[in-house]
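What follows are several structures.
Two complexes are shown next, each including chain A; its partner changes from chain B in the first to chain C in the second.
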Partner chain A sequence: MNGLKILEQAFRLEKTERAPWVPFVGVHGGQLIGVDAETYLKSSKNIVDGISRAVELYKPDGIPVAFDLQIEAEILGCKIVWSKENPPAVVSHPLSEGVLLSSLRIPGKTDGRIPVVLEAAAELRKKYPELGLYGLITGPFTLALHLLGTEIFMKMFEDPDYVHEVMVFCSLVGKKHSEMLLDAGCDIIAVVDPMTSQIDPLSFETFVTPYVSSIFDAVRERGKYSSFFVCGHAQQNIEVMCDCRPDNISIDENIPLDFVKEIALSKKISFGGNLKLTVVLLMGDADDVKRDALACLDLGGDTGFILAPGCDLPMQTPVENIQAVSEIVFDRYLQDYTRNLDKKESKLDIMNMRDYGQSDKVIVDIITLDSESCAPCQYMVEAVKRVAPHFEGVVEWREHPIKKMEAVSFMSSLMVKNIPTICIDGKIAFVSQIPPQSQLIEAIQKRINEKLKLKIKSKRSEILILGESEQECRDITKRVKRAIAELGKSTGVSVITDKEQMTAFGVKKGPAVIMVNYKLKSEVVVPSLEVVKEWIKEVG
Partner chain B sequence: MASIPLHLVNGFLGSGKTTFLMHYLDTFSRGRKIAVIQNEFSTSGIDGDIVRHHCGAYRMLEINNGSVFCVCLLGSFIDSLAAFIQDNPPDEIIMEASGISDPISIGQIFQSPVLKGKVYLGYSWAIVDAKNFNRIIPIRARLEHQIRIADTVVINKSELAGEEMNSVLLAVKKINPFANVQCTNFAKIDFEEKKMSLRFYPANDCRNSQRPDLQSVVIKTNRLISRENLGRFIESIKDEFIRFKGFVNAEGNKKLIVQGSFADYTFEEMDWFTGGTELVGIGSPGGKVDYTRKFETYCD
Partner chain C sequence: MNEILTQLSDCIEFGKINMASPYPPQMKGQEGADELTAKALAEGINPQDVLTLGLMPGMERIGLKFRENKVFVPQVLMSAKAMSTAMLHLKPHFLSGAAKQKGTFIIGTVLGDLHDIGKNLVSMMVEGSGYKVIDLGTDVGSDKFIAALKDHPGAVVGLSALLTTTMVNMQAITKEIKDAMPGTLITIGGAPVNEDFCNKIGADSYSADPQGVVEFLNRKLAS
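== the complex of A and B ==
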């Protein structure tokens, strides 16, 4: 299926065979053909070449023609500063420098760099008839901020009427710009309004909703689709954004995708995003990217979701990282593989310690930073080292320097919070302070006594008397019972005359006596398989 | 080369960031190489000139990313910063962030290969304009975010605020109960607490051990975590960090503010505010650990 069709399905909230994929290639296109940002954004040929290269490399379903939010501002008199790796920056704000709003004119198709983008759009339309072409316009609020500077935030409070006037103008600029882009062959108009993330929902409804909605309505009237791009902390505004009636909203990593999905779908609007731009796409490797893309795909689902980065791809984003996204989009097997791999790796590294300290020996663990570089840690280890021989092999000690990962897990598993700490049989005994020898001995001895007590308590036993008949067992039963009585024990006595049971105990002919010792090994908890195996080894 | 702390000065336009910056330079620049980064856009470099001519600044880097300083523009900042510290490394860097930039995103880029181990997120101040605090409601969420991540909140122009001062102070304390709050005029604050903030090991005896190169790590995720697992996570990593702080989205629509150092940590429940989990740790973290991923393994 061609890219545009699958995108349209997503916009209409129809189920798609896979999530459509739209890499936001802006100045990154310049990187692909070896020119800087300024050279790229000022030439329609460079844009066509850059996007063509991106189409080859990333196999997108849709792509923006140009990602530059300064085009309108520059024409309207904002000074811009070019840099090699970024789109230009707006550095002056005419409306706060004495220019009158009434003197500003709505840009037309020959103004500034608009023709560069229109030419590129027309050329790309011819070259890729099946590719979804996004025409980007600066959202009215972001454009107003370009024109007015941050003064706008004060003015919203002090002079709201003026802000409304500016917004009316900016939305007319946006409407005109979208018409021109659609005429040039774009399929989708993206209203990119990142600065709305700065304001609260109430201000959004007052100062943004009426103006931006009029642009979406105009696009709809032409039978085309629209998307509302926002980046930054805009979670508070997702609902009001949806109420502006775009066909799609696209967000970055600052907002949880499942949150957006829930709201957008409930309002019957498609949604897109939110591959992590800096940490993963720019700074991570292909595996990180696959994992992140898969997480987005799994959350996004197959109805109304478009996979895209959170914003304009940084120029230096490694090509192989963006290719990794496209690989995972088209390869279900790779999706399954990555999903399973991830599951294995993400197993919580907290050990199951509930059986710890069940062996016959007493285990003393010293959790340290590293006894070589931390003096208290060293003294604590020394203290244990000196005391252990007193117990002649009954006490086993070990140091866990938390510079090693496994020691960190061990420490967390025992819920140890301070360094250094001594644990006896898995229980925290001494924290931070080095115990005097006598106290340490006392603590260990106490644990040995506890274990002994437990051992004694758990020693229930039974004597089995086996024979062909009651008669045959009678004499020996009498003697056993008398012996028990004379010793004052509570040992149980059972007589077994069943032939099969006798054979099971390995007795061929009666009377026979079998001693059974019961040993309590665990209570309440379910011991792990490994521990049970150890017990079984003990009994041979 | 020892890693360089990069301190952040946040605050809305006109709150007094540049005045604060100059006060900082006056206090600390003797005998120390303090580099300055300015990311201001609306005053056409006027602030830059003031600071440049101020004798205290060792070197200056001006980044002009315009008003749209969003996550997509951080890429080139990585390279400019790496080049800036390459030849004549300063002792510390102080960055006057744009009033609407996101400090946590700035912290994230220090994990990039070219900056890792070279720069870490140091101290952070939020400068609040007492007089206008209650007048910029539309962007209160942004302002609150800056206050929330600050170590010290400077409530500036307090004389001008009059009766409003009390409500500003209460609001700030509610937003960030852990921050040191100083009310002042002309951004003149007492810096004593700044030096105390980087206590390395709490146990005195450990202090002599070699101080490893510091790094900062940002954990940013939208996943929810239970209080119990958050405790486990912090237990598992806290010894790699000397300080750890931020806010966490916990299960059951709970928002927790986390603050801690080597010996112990606390988390306090807060009123809900919109936004994901954002934690910043400073310490000597393990080389290849992806802490956001590690954090997510503890999420449900």
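== the complex of A and C ==
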């Protein structure tokens, strides 16, 4: 099936035979053909060559024509500074330097570097009719930030009307730019608005939603698809992003993929991401990449998911790493193999935690990076330290800094994903947020109460009467039974007259009485060796 | 505690700059950080107390809210603006020695990197927590950091990088600073950076948010 078709299926939330794959090749294309970022982004021929090379190497279903969020800003008067290995950076903000908004004109086909991208798009369209071509535009909020600088954040409060005016202008720029890209042959418009990660959902709805929504609507009217790219810590805004009605949202590794999946699918929007750009794609090896890609594929599923890196690929991302992604996308056998390999490796490390927390004490585990160097971890440890004395000896706490390997396997055994986390008797209780003292005490008390209930339920005892003959035991047995009856208890009584058994109990001469307390330690499950050892230590 | 200082810390926390400022709506028409700082000093409150009991608690509260995702960059910037307005009244007292800052912090975005939002936020929060801040701007090489350290011995250095390609420059800069000025503490931050990277390059601390930098400085300089 051709790339564009499978992408469209994903956009429409139809089941796909495999997840479509879209490597965000930007200046990395320059690396592929041996030119620096500036030479690359200023020439349509270079872009076509770079993308063609990427198509050969990475077998994508879709690819951006150019990943450059400074095109519009440059035309509108922002100064930009080029560097060899990165897209250019905006260094001046005309609207904060006295330029009037009314003097700015919406860029057209022949302005700045727009023709470079349009030519490249047209050429690539001809060359690869079945490839999904993404035309990227700078999201209106990010463009507004380029024009106004960080002042925009304060202006949102001090002069909201002005910010709205700027946003209207920026969305018109975006609409015009996306029309031109669609005319040149792009199939999908990606609105890239990373700066929205810096604001809260309410500000987003006020200053972003109306404007980006108008761009998505315009794309839809032309029968094409749209995607909303946001890099960074934008977890708070995923829901409001979906409410802008793009066809897809794409996020980076800062946001958990399953979180995005849940929200996006519930809003009937496809989603994509979130291969780890730096630690894995840039700095890891092909095996790390395969594992990460597989984790994304398994989480993403086969309905509405598009596999992509979190953001623009760094220039020097090793080619073999990106190829490793494409290998695993197309090879189901390799997927199974990697999955099993993973299982085998991790099996050794994962401890059996089913019986964890069966001892009499309540165990509080704090999984940290290292409480000395990670402030939140330190606070979390201190919170537990402060609370533990309230429970005089009943509560035992331990820190597990995951800089040590044992702690890492302990962490995965308890299925802890975030740091710092507090677990009470092996159950995750507090994640990331340091609990107020009262809440922590309450949670521990709850566990103590649970245990107490279990204990009461399982209390049972027996009295053994030992003697050489029934006769010898008769009087004492009578007395014991009477005592039990008078107390209204249900304690069992057994008489043992076997000499060998008596010796085994350490009784030399009868009659003797032995009290036995039975304690239920586990039920249905087979406790692990470690757990049994803990029990044995208890009885001495 | 003094009523004015309590009001002042609220103004910092909620970003109320002055009486004319429309933000936040619930404090409309009330005196802001500007008026209240002037009033506190006029009433003879010690400038040191204005800083440590009025401004800093407000800054700390907004820093914690930022860490907990309860507020975002715009709200913090409003707090920082209220803070810097108040600081204008206090600066003469620092210069005259009537009030002391807790230490000096030198900050810059590393060579090759031109991003400044993160760096500015950190610099405002640190200043708002009672430190003197030397902001070297963006695209800063080790020579500038070393020169600034010579002017301000014992200062802590903060390095920011927003790009995966410039984060590698942190390594060289950290090494060059440590070679030239042994014992200098270096804290790093920025989107692509993490704790592992910090350990790898031999920096002293990584913070995911501005409040983390303040806490690191408090541990190292103010105790």
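Just a few scattered comments:
What we mean here is this: the second predicted complex is superposed on the first by the 346 of 540 C-alpha atoms of A that agree within 3 Å, B and C clash if a C-alpha of one lies under 4 Å from a C-alpha of the other, contacts with A are read in each partner's own complex, and residues count from 1 in each chain.
Following the convention adopted for this analysis, a contact is a pair of C-beta atoms (placed from the backbone, for glycine too) under 8 Å apart; a residue touches a chain by one contact, two chains touch by 3 or more.
Everything quoted here is computed from the prediction, not taken from an experiment.
Of the two partner chains, neither chain B nor chain C is touched by A:Y337.
Considering which of chain B and chain C touches more of chain A, the answer is B. Shared-chain residue A:M315: touches chain B and chain C both. In the superposition on chain A, A:Q70 makes contact with chain B only, while chain C stays out of contact range.
Look at A:I255: by the touch rule set out above, it reaches chain B but stays clear of chain C.
Residue contacts after overlaying the shared chain place A:Y162 against neither chain B nor chain C. Legend: residue contacts after superposition of the two complexes on their common chain; A:W397 is shown touching neither chain B nor chain C. Residue contacts after overlaying the shared chain place A:W82 against neither chain B nor chain C. Looking at the shared chain after the overlay, A:Q433 reaches chain C, while chain B stays out of its contact range.
Of the two partner chains placed around the shared chain by superposition, chain B is the only one that A:M415 touches, whereas chain C remains out of contact. Applying the stated touch rule to the two superposed structures, the overlap between the chain B and chain C interfaces on chain A comprises residues 81, 83, 85-86, 89, 91, 150, 153-154, 156-158, 198-200, 203, 232, 235-236, 277-279, 282, 314-316, 369, 373-376.
Residues of chain B touching chain A in their complex: 12-13, 41-42, 44-45, 64-68, 70-76, 79, 99-100, 102, 105, 108-109, 111-113, 132, 135-142, 145, 201, 203, 205-206, 208-210, 220, 222, 232, 235-237, 239, 262-264, 274-276, 286, 290, 292-293, 296-298. Listed in rising order, the residues of chain A touching chain B in the complex are 69-70, 80-81, 83-86, 88-93, 96, 142, 145-146, 149-151, 153-154, 156-158, 194-195, 198-200, 202-203, 207, 231-233, 235-236, 252-257, 259, 277-279, 282-283, 288, 310-317, 346-350, 369, 373-377, 402, 405, 408-409, 411-412, 415-419, 432. Residues 81, 83, 85-86, 89, 91, 150, 153-154, 156-158, 198-200, 203, 232, 235-236, 277-279, 282, 314-316, 369, 373-376, 433 of chain A touch chain C in their complex. Within the complex, the chain C residues that touch chain A are 15, 21-24, 67-69, 71-75, 77-78, 81, 112, 114-117, 120, 163-167, 191-192, 194-196, 205-207, 212, 215-216.
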